[in-house]
């Protein structure tokens, strides 16, 4: 056990910190779920890419810097503590990229990965359907082979970034006779494909956080299949492991939020507002849990670096971070008292309404990527070994 | 000792429920988001006509001369319907304050529905519901209440677009309301908010029960999963044991002859603390059991989620009300 | 609505209060789960009976005073606030008596009810079996008709008061061919029946809170059937309604515990101990919930007096009181700090270790009479109407 | 940065686990309830022999010269086994204090297992574990530590009959332990207790998983019910995220060169707060998922339930440790 950063890691951290301090946007960007804000975020992806900081864990040949897991964790901590913007590229980098590295052809890797790293391609996820939420095996969108194209018909929903993304990674049913997990295929769909219509859906504060996709005889080239036709379930599950686990939710974001929460307490005290001891306790508890998530992640990273695989334990992490994120933000709103319900535009909104925005965002955590109820089933059955039936 | 409502009270409640279902469906609430005052056209006159606005006004002033026990479940219904108008502020706090102060001109206009009143009490924080749209604000200041009729407001957008919040930045014309008790006004506001919390929680529960009974995942209705059942059983438990405290607090407020100020404070605060916790739980479970669709702007669940968040904290959150109970208990 | 006590009720309350003050034991009785303590408690039942206070809700002809529900609630509040002993007769009076009133023959009523009221018969419940806990329909103890007797073979467990009780009310399987709910019979078994062996089981603090019963060709007269042979399930479920609902758990006990909890805070303050604001909040919350239980019960009583039946709503009450009881005692132990783990015999044990004893007792609340998990299923399915499957 | 244990540490842990499974099964723990000192015969010499008692003693004093990182998971194992002997007090607190004070006579006897030490620290409340049976008590007083060898004890029965508590009513003979730091001793005790909490929680979880996988109700194993699954998933979550904080705190205590007193306090208190909550949850869920059998004297679950209740509060409960974290954070 060695919990000190090595000189090499310290140097890496300092380089990362200095670069972020010098390059991060001077002002908060507009919401990435507006047309203008989306492009601002894309520009920031380009700045990151040019600095070599958009995908530090990737091979240098695709725009990364071959970071190991520890460096990546350090990078994430620095990134979020710096206050840099959210990553509009996250769906692609965290969910799709591991799948492309694992299952993509050389041509697919060479084509898609650099454009993802540079922000030229921003990706959305097209998995859920109105009748297939947590139950992905119920996917009904059909893709029927017609020469060197598939013809898609059906509907996808809850596509984060879907309103403005350039590409969508989908799971579609290529064999309508097959049931459940069989007959599914992982397909990469350009957002400008003929026959694809997109409709934004507002999240509950009105921001268009998702899109619905309607496929009406939409034609997509066969060479956009990722992995084999009919192997979509296995391919997708590999990515689901990423989504639920280490890649998407590094501790950095929660540690940064926990720091901001303690800062909020200090600010309120400076405003001569009394801090209720129960609220102080909630803040402390949330801060401790952010630290617990951090150290659990470092322990997991050590196992992975020793060659272990992140299996069902990813469900433990997903439940913990999503409930931590919610509690961090709910605690902030409770601390804010009657200012807690003020929207971004209100003159008295604290920090531009960021806590409320973060709360609304956090509310989706226990729902998406497999509800926490399903995650707890996985923990019970696969981690603890309880009988399925 | 008989802890139940009368048949007449049941009928009045049903009448209000039917009216709100008719005049104030979710579409009407949404329509208000983009109009001038956020309110539902036609609702105020209809409420005036059925006497709801004058429940707490004495008969000699043209009111119904009823009390908080008559009112409390009607306020639950306004929560259930998601009424955006400042009905609680008007009927539960402002009208009796105007009556107790003998402000007969203001009172007559208020119970006729010609004017709309709202409230700015110390227990209610810095932001006033519907301050811009209202004609009169009952303001607590210098240990008393005044009726402000000319004032300036700085709008403060709430996440709940049916709650038009504003900060009073200047009050130019006031009538003192001597004879009206600010402590009682604060208790009435907390009680009324608690009643609305119960209604919001019930609506969230009903909507969620309906949804999970229909929505299928993994080949069966979501509502067959034990985790979903237990989430919703807990919501029902919260409501089941908060509502009697709200009704009991209404009795306490309505019977000053047998409830001193400390007892009333204790009873009102018990009600608000439990109701706030109940609606908070209903919000969380309601959203979680809906899944992604509950998280969208287009689906109506959000109307009650946002109202629930706001009302749980309005006029004192659960811990602050528990503190009042603790003080009353001398611990 | 009228929340004042009428002059008649005030008079009733005062009579009850005065009688208890004058007659309750001067010192705490020994545990009713010891042989000596059991008899002390039986004597107290006789004192109650002689004063007309053992079963006030019963008809006067059986030793009661025809109290209505409100009077019964008042009586219960006064009883527990007075600090009078726990009721060793509770199983019989709360669980069995309603069943005898509903299903008993005139001869059974005339024989059993007065002896139950006077404490001459103390009853234990013999429902659970090693293989049939919450799942009563799995009962396997067989009772085979042989002339005017049944011959019992099998095993019962978790019989509260079972070590010293005079009679046991059992559910047995009279038709071994029938499955699940069919073929069960409700049978009253004298504790001295030949072929019945009893073995005490210690609860987790070592007190023998239960017994196991072993039936080995145990002979019981046929006229001890309650209701009809084969109707045991319906008969038992009527009593289960009582157990889970109003009868067994009047608010009085929890209100008294909540008052003692606030008194504990005052005592600790008087000892110059600082009360953590979080603990004060927990005390207040528990006190409020005891009040909520009280008022919900009064509302329920009003409905029942108007002719309504207590159906599945009883499950709401069972979950609430059992978790409230646990929280009341857990809060007390947390307040006591390092004195919280001291057993009754320790010199520094506060109030004779009563809070710890109460905590251990309360721990069984969410388990027995149908676990709270099962109660929540009932709430969801029968109160809310969620689909069973 | 490498947050993992070495192969040697794993092996030491496995050796201790095997020894405890062998020498200290539940029957042996129960047997101690009625003997003179509550302890398990043969265990102390066996622990001495394998070096466990001397882990934190320097090599020049005949110890293993290891640190808290080496020790922490061994203490988890003592919690897992339900060891009644005062192992945490002896090995994690008393031995290093004696070493740091240069009390070589006491130290030699302690690491040889000839004596048993326990502790009476201000952070540990009024009752001393095994005060009667021990030979030496490390007592905090007047801002320092002393070694008491002659003292009188008033026994105070714990609900956990393996915890022989007593109050020191008189101390007749002491040796000052100058050079030993009482703040560090308190931190070590809190850390050691946190580690034992983790072990107790793991045992409760393992036992409960086994039981619900076998026990059938309504025609299927109890463990197939989603409510039971979620109770136990929550227990696992509690342990999963508390254990790394306990290990991290061990590092912090073991590395004073890079951790000042405030940082160490923060890290130790984070560990104890999370570990206390984890074991508390494990107790509740463990009992609830067992049902009635878990509530009996005869069934072994109770050994860990009572230990869990006691250890969650011992050397500071979760809220008091969160307060220390808050102080360290300056909020």
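All chains are identified by letter, namely A, B, C and D, in their written order; residue positions are counted from 1 within each chain.
Here, a contact is a pair of C-beta atoms (placed from the backbone, for glycine too) under 8 Å apart; a residue touches a chain by one contact, two chains touch by 3 or more.
Keep in mind the model is a prediction, meaning the values are calculated, not measured.
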- request: Name whichever of B-D and C-D has more C-beta pairs touching across its two chains.
  value: C-D
Message: Measuring between Cα centroids, what's the chain most distant from subunit A?
response: C
Query: Hey, how far is the Cα centre of subunit B from the one of subunit D, in Å?
result: 52
Task: Find the geometric centre of each of subunit B and subunit C from their Cα atoms only, then give the gap between the two centres in Å, rounded to an integer.
output: 40
Task: Two or more other chains in contact with one residue: find those residues in subunit D.
output: 225-228, 230, 319
Query: Considering subunit C alone, which of its residues make contact with at least two other chains?
result: 276, 278, 281, 373, 376
- prompt: Within the complex, which stretch of subunit A touches subunit B?
  reply: 128, 131, 133-135, 138, 157-158, 201-206, 210, 276, 278-279, 333-334, 337-349, 356, 360, 363-364, 366-368, 371-373, 376
Query: In the complex of these two chains, what residues of subunit A are touching subunit D?
result: 1-6, 9, 70, 262, 265-266, 275, 280-281, 283-285, 287-289, 291-293, 295-296, 298-299, 301-303, 306, 313, 316, 319-320, 373, 375-377, 379-381, 383-389
- prompt: Which subunit B residues qualify as touching subunit C in the complex?
  reply: 1-6, 69, 205, 209, 212-213, 220-221, 223-224, 226, 228-230, 232-234, 236-237, 240-242, 244-245, 247-248, 251, 255, 258, 270, 273-274, 319, 322-323, 325-326, 329-331
Message: Looking at the complex, which residues from subunit B come into contact with subunit A?
response: 124-127, 154-160, 163, 165, 167, 216-219, 225, 227-228, 287-288, 291-292, 294-298, 302, 305-306, 309-310, 313-314, 317, 319-320
Query: For subunit D, which residues count as touching subunit B in their complex?
result: 225-227, 230
